[in-house]
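These are the structures, in structure tokens.
Across the two complexes that follow, subunit A remains constant while its partner is subunit B and subsequently subunit C.
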Partner chain A sequence: MTVAVGVEQLRLKFPGEPDILFQGLTLQIPKGQKALIVGPSGSGKSTLLQVLSGLIPQAVEVPLKYGRIQRPASWGFVFQDPDTQFCMSRVDEELAFVLENRQVPRRDMEPRMREALALVGLSPDLLNAPIRTLSQGMKQRLALASVLLLEPETVFLDEPSALLDPEGTEQIWTSVKQALKDRTVILVEHKIDAIVDWIDRIIMLDEQGRLVADGEPDAVFRQHKASFERYGIWYPGVWDDYAASARRRPVSGSPGPSRNGPEPSRAGRKPSVLPPAFLTHSPQAAPGRAPDSRDGTSLGETAAGAAPPSRTGPDGRPLLELEQFEAFRGNACKLRIDRAAVAEGAWVAVTGENGAGKSTLLLALAQLVPTAGTYVLRGRTIPEIPNKRRVPEGIALVFQNPEMQFVADSLFDELAVSLASPDKSREELADDVRRLLGMFHLPDDPGRHPYHLSWGQKRRLSVATALASRASVLLLDEPTFGQDARNTFAILECLEALRADGKTVIMVTHDRRAVDHFATEEWVLQQGRLKEVRQIRRT
Partner chain B sequence: MKQWKFTDVLVTIMVGIVFGVIMKFWDDFYTFIKPILPTLRQLFYGMWFMVGPFAFLLMRKPGTALLASVAGAGLSAFIGHGVQVLVYGFVQGLAAELLFAAFRYKRHNILVAGLAGVMSCLGSFLLDLYYGYADLEAWALAVKYGLRTISAFVFTGVFAYYIVKALEATKVTSLIRPVSPEEYEKLD
Partner chain C sequence: MPEWLTPQKNTWLHRANPALKAALLFAVMAALFVTRNLVFISVLLCVYGGLLFLSSGHSWRKLLLLSLPFVFAFLSSSLTLALFGRGEHVLWQWGIVKISEESIRSGLAIGTKSLAIGMISLVFLLTTDPVLLFYALMQQFRFPAKYAYGFLAAVRLVPVVIEEWQTRTHALKVRSIAFSKGVKGAYERLKLYSVPLFAQSIRRAQRMAVAMEAKQFRMDQPRTYYHETPCSGIDAGFAAFVLGSLLVALASSYG
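Up next, the complex of A and B:
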């Protein structure tokens, strides 16, 4: 067997970080093999790809040592973010850039470009198209096409589908399978069900980058199923396992994380008890509702199977009503809803294609874009004074990109913005902040800069700030996008706990299973109109 | 330059370009206040010296100050200010670079950065003499360039230093600074 890529006794440490990654990893990948590397966030999977390809240390200096290393003779690398992989503005320019660097004569360029596009399933008509007009899935395929023009023996792919919606994910995997049939492929991924049938070998790393499992997919899967769950990997069947375990969860569960014994898969820990300060006034209790959370019951308990709390406010009206509601982006009307209402304690999932107006709806409800028509929240009409729009009281919006809404330089300040109140002492504030950090599994390090968190942690922080603002209506734009399984379940469960406590959740999502398992109703948007409202009976 | 990686080149040029854009706006502002504060406006001149020292404080590698300054000047020249701007950028960047070199590239505090700015200011003075912009009486020269020197220190020392400090808090700098040999030893 010829080895395409290999390393012996690899050690690596990022400057300023305390831990040594890999701790003597030895790995060899034969030519033609399709290898998938999995592991928890922070296990160094991407870093390993960068070492094997030579990006570390050639492009970025990171201290590393190894016994021996063999890098591929020729290689290409496809990254995660479709928006940051291109240096030119048009498709043909981008592909030509690769060919120029390979000193391909000009007259040979166009046929090669067409061939590469065909290999990834893109139409040759796209040659003149500006890259920004392509969908995210198409962009990733273009990235793959430009890599193919390097004629690489080995192709590295670093979570190519992480930032793609279901349609884009399907596109990129189809292209990968088609175009990389005969090459060595080393792949890092979290969402593996679409690609696992094509893979020859799974390599599993733990949090320190040490080798935990290595072998054929079936064998690895059978022997290490618990690790798959623990590491939050989206393996085939993960939702079914989750649903099964949720049903099995006892009603009077223990507050906080359960560490006793081999409790299965519960991806993520239950949120710990919410201190009274974070609870809203409980609405009129409907029959069958769990006891008032104020007396210290764990929030996680009421999740599965409890009857939803009162659907209407004290005076019988729905929490939020829209009539002839329009939302504008610039001067164009992007959304028009004739009639819709949301009850208190509902979980509305907003779905639809890209561009259907989902994000616009959230922005409109938060009054961050101009609106027209009737919008009544808690019985009060939200006025339409053009230059004096304010975010209505009780509404909190969580953006898709959590970094966009951080306003402070430390975790403490970020949460204190919403938690502080004149009648609260400094110690009380500090306590509340710590409690909130713990609840969302954020590091107990209030001085840390928000940008110095992992993506999952940033996401949780943005939800935490929304909660801290004591809002009763939470608007979330794709909160689980790009997250591993564990974080996804943790966030959804937290939202469910909040919902059981009386808050209302309106969430834009692409995740079908999240909708079916957690939402109480689904609003399907199409081309700016509300096509359908579907009530969901949750299992 | 053998320690330079691809990312180093990119980051340096990016810094240069960002400042090139800022300098364009600053130029408009500078022109605008000319009738109002013809002499005192030298206190704002320091912005043009900021690129090089900022890049060095950020990346701490030899050559960044010069390259960033030239890149920034290159952008300004490209937008339409002509080749002369490029000469200024080169000389000012070189002056800052030489000062950092005099400290063996090991000092990264406000004082050193400010001094680098003062050196750039000196460079700009020499060029002004050459191009005929310093055709003034001795006392007027002292006022004009004295103010400019103060401005240089404030912009390249104080401002640049604190902006880089703020960036350090976000940890983006850990990957672009040179790695000390101790870090490698920890791997044994």
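Up next, the complex of A and C:
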């Protein structure tokens, strides 16, 4: 067995971090093996790849120590982010970049570029295309193609599908299986169900980068199933397990959902954790309202098994209505909806291909882009006044990148900006802030800078700020994108709890399972039109 | 190339070596900077204005539109100097306005200088592909690869930053952040925009740098080039053209 890559007694410490990562890790990967490294966020999986390839310490300076290391003679690295792997603007220029670095003569460049494109399943016609016209999946395939031009014996892949939609994910894995058949592959991923059949070996690390499991996929699965769940890995069957799970975390310290099975439906809702100011309705449910079948029970165990009844406002109209509604980006009409309505307390999942108009819909509902037609919110028509469009009251839009919405230097200020009102005292404000922090499982450290949170925490903070602005309709642009299973479930449960308290959720997503398990209706958009509205029975 | 820079047709100027073209045109601009001779400047203005309109491969309408800012510069600087400049042979005076022979002459000189420099800049900008320019700088002038590719990567990222700026604007609207008027508002905007945009840009830059190293980008080693930018007869011709224009301008100014 020839060893392609190996390290003995690896120890590494990031400056500024208290702990030592890896703590003496020893690992050897034979030639031709397809190895998958899994573990929780922060376990150093990407760091390990960078050490094994030599990027650490060559390109990234991090102090590290090891007994012995064997790095591959030739290697290539595919990174996670499709948009920051390329330094050139055109496909051929990017591929040529590798060949230039290797001092390949000019006349040999084009045939090699075509060959690489063919190996990953991209058309040679793309050679002159600007990279920004490619889809994210195609970009990752291009990254793989440029790696192949290095003629690597070992290829490292660092979560190549993390930032891809399902279509892109399928594309990249197809290309990987096709092009890397005969090479050593070391792969880090947490969306593993599409690739796990191709893998020879799974290596599992814990939070400190210590080896927890190492062996054939079936064996590792059998012995360490609980760890897969705990580490938030998207293993095959994770959604089914989630749905069936009776021991799900209660959200935000609410009087916990029953852990012993479905509780008999109560007429009226469980007391809410939200301070009264945030509630859309008072906690005492109006009599005449059907019992909330979600209260206190876990998903998958609703006693009645029926979709929550559609709730209408006091005058019987739906919360939000659109008629002959058009939205414009620049001067082009990108979205046209003949008629649609959203009931209060609904969870609308907006799906469709890239470019179908999903984000445009959210921007239009928040009045951030010009619109035409009728848009009625809570019985009041939103006027269309060019140049003076304001975000309608009660609507909050949560962007895909949470950092884009932060405006303050501390968690306290971040929430206080939206919470503050003239009739509130400082103590009340501080109380509300603390309450919100607790609700969203954010650290109870109001002085911390928002940028010093983990990605999942930042995501929850951005939803918290939306709630703090007393919004009753939450618009979310792909809130679970690129996240591991744990964070995904956490944010979806947060939203579910908010919905139980009367908020309405409209969410753009690619995640089929999230739609099926959480949404009450699905709007399918296609090329700027609303193709279908699908009611979902939640069982 | 961005769309508005793309010419209707490629002319001989497009085929000239971009780095040499830059050097030659820069020499002309340097000559213009130091001179005060109106005739010299005017001749060069006509020559390069003519070059722009005849040989740049863009439509006259677009060129006129792009020249507008320089025309404004011409008007503002020449008028300012003509009305308020120093001079002895006064033609007309009222209050602080003092029009004299000298002030008119120097006003015209400065104005036409701005216009001429503008024409030369447009000739360069509208006939040069930035990617080819950096390749030529590396090949002809031994410009260090790390800076060249750094610039090229930056060119690639500019549209991304613009989009991010817009997202930030939307996000601030959603958070109901209103800015004060005037300078205070400008300062607030600076603070609120720069932090996330810088954070994102720095992250992106770091990732890109690591990716480039992973592609075996070695900054100090020789490399081959995909876009080969040779020197050809066209460059000799252009050099002759530039030299000729300077000589003609010089001769006219003495004649």
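Convention: the second predicted complex is superposed on the first by the 476 of 539 C-alpha atoms of A that agree within 3 Å, B and C clash if a C-alpha of one lies under 4 Å from a C-alpha of the other, contacts with A are read in each partner's own complex, and residues count from 1 in each chain.
Definition applied: contacts are C-beta pairs under 8 Å (C-beta built on N, C-alpha and C of every residue); 3 or more make two chains touch, one makes a residue touch a chain.
Keep in mind that this is a model prediction, so the values were computed, not measured.
Engineer: Once the two structures are overlaid on subunit A, check if subunit B and subunit C clash or fit side by side.
Structural biologist: In the superposition, subunit B and subunit C stay clear of each other.
Engineer: After lining up the shared chain so the two structures overlap, which partner does A:K531 touch, if you call subunit B first and subunit C second: first, second, both or neither?
Structural biologist: Neither subunit B nor subunit C is touched by A:K531.
Engineer: By the touch definition at the top of the document, which applies to A:F77: first (subunit B), second (subunit C), both, or neither?
Structural biologist: Second partner only, subunit C.
Engineer: Quick one: is A:P63 in contact with subunit B, with subunit C, with both, or with neither? Answer first, second, both or neither.
Structural biologist: A:P63 sits against subunit B, while subunit C stays out of touch.
Engineer: Taking the superposition as given, does A:P15 touch the first partner, subunit B, the second, subunit C, both, or neither?
Structural biologist: first
Engineer: Between subunit B (first) and subunit C (second), which, if any, makes contact with A:H449: first, second, both or neither?
Structural biologist: first
Engineer: Given the touch rule stated above, what does A:R339 touch, subunit B (first), subunit C (second), both, or neither?
Structural biologist: After superposing on A, A:R339 lies clear of both subunit B and subunit C.
Engineer: For A:R106, decide between first (touching subunit B), second (touching subunit C), both and neither.
Structural biologist: second
Engineer: Using centres of C-alpha atoms, tell me the angle at subunit A that subunit B and subunit C span after the overlay, to the nearest 10°.
Structural biologist: With subunit A as the vertex, the angle is 30 degrees.
Engineer: Going by the contact rule set out at the top, does A:R380 touch subunit B (first), subunit C (second), both, or neither?
Structural biologist: neither
Engineer: Subunit A residues in contact: does subunit B have more, or subunit C?
Structural biologist: Comparing subunit B with subunit C, the partner touching more subunit A residues is C.
Engineer: Quick one: smallest Cα-Cα gap between subunit B and subunit C in the superposed arrangement, Å?
Structural biologist: Checking C-alpha atoms only, subunit B sits 6 Å from subunit C at its nearest point.
Engineer: Between subunit B and subunit C, which residues of subunit A are contacted by each of them?
Structural biologist: The overlap between the subunit B and subunit C interfaces on subunit A comprises residues 58-60, 451.
Engineer: What residues on subunit C touch subunit A, complex-wise?
Structural biologist: 131, 149, 152-153, 155-156, 159-160, 164, 167-168, 170-177, 192, 196, 199-200, 204, 207-218, 222-228
Engineer: Give every residue of subunit A touching subunit B within the complex, in rising order.
Structural biologist: 11-16, 20, 57-65, 409, 449, 451-452
Engineer: Residue numbers of subunit B touching subunit A in their complex, please.
Structural biologist: The touching residues are 5-7, 166, 169-172, 174-175, 177-180, 183-184, 186-188.
Engineer: Would you mind writing out the residues of subunit A in touch with subunit C in their complex?
Structural biologist: Result: residues 53, 55, 58-60, 76-77, 79, 81, 83-89, 92-93, 96-106, 109, 131-132, 146-147, 150, 363, 366, 368, 390-391, 396-397, 399, 401, 403-407, 417-418, 451, 465, 469 of subunit A touch subunit C.
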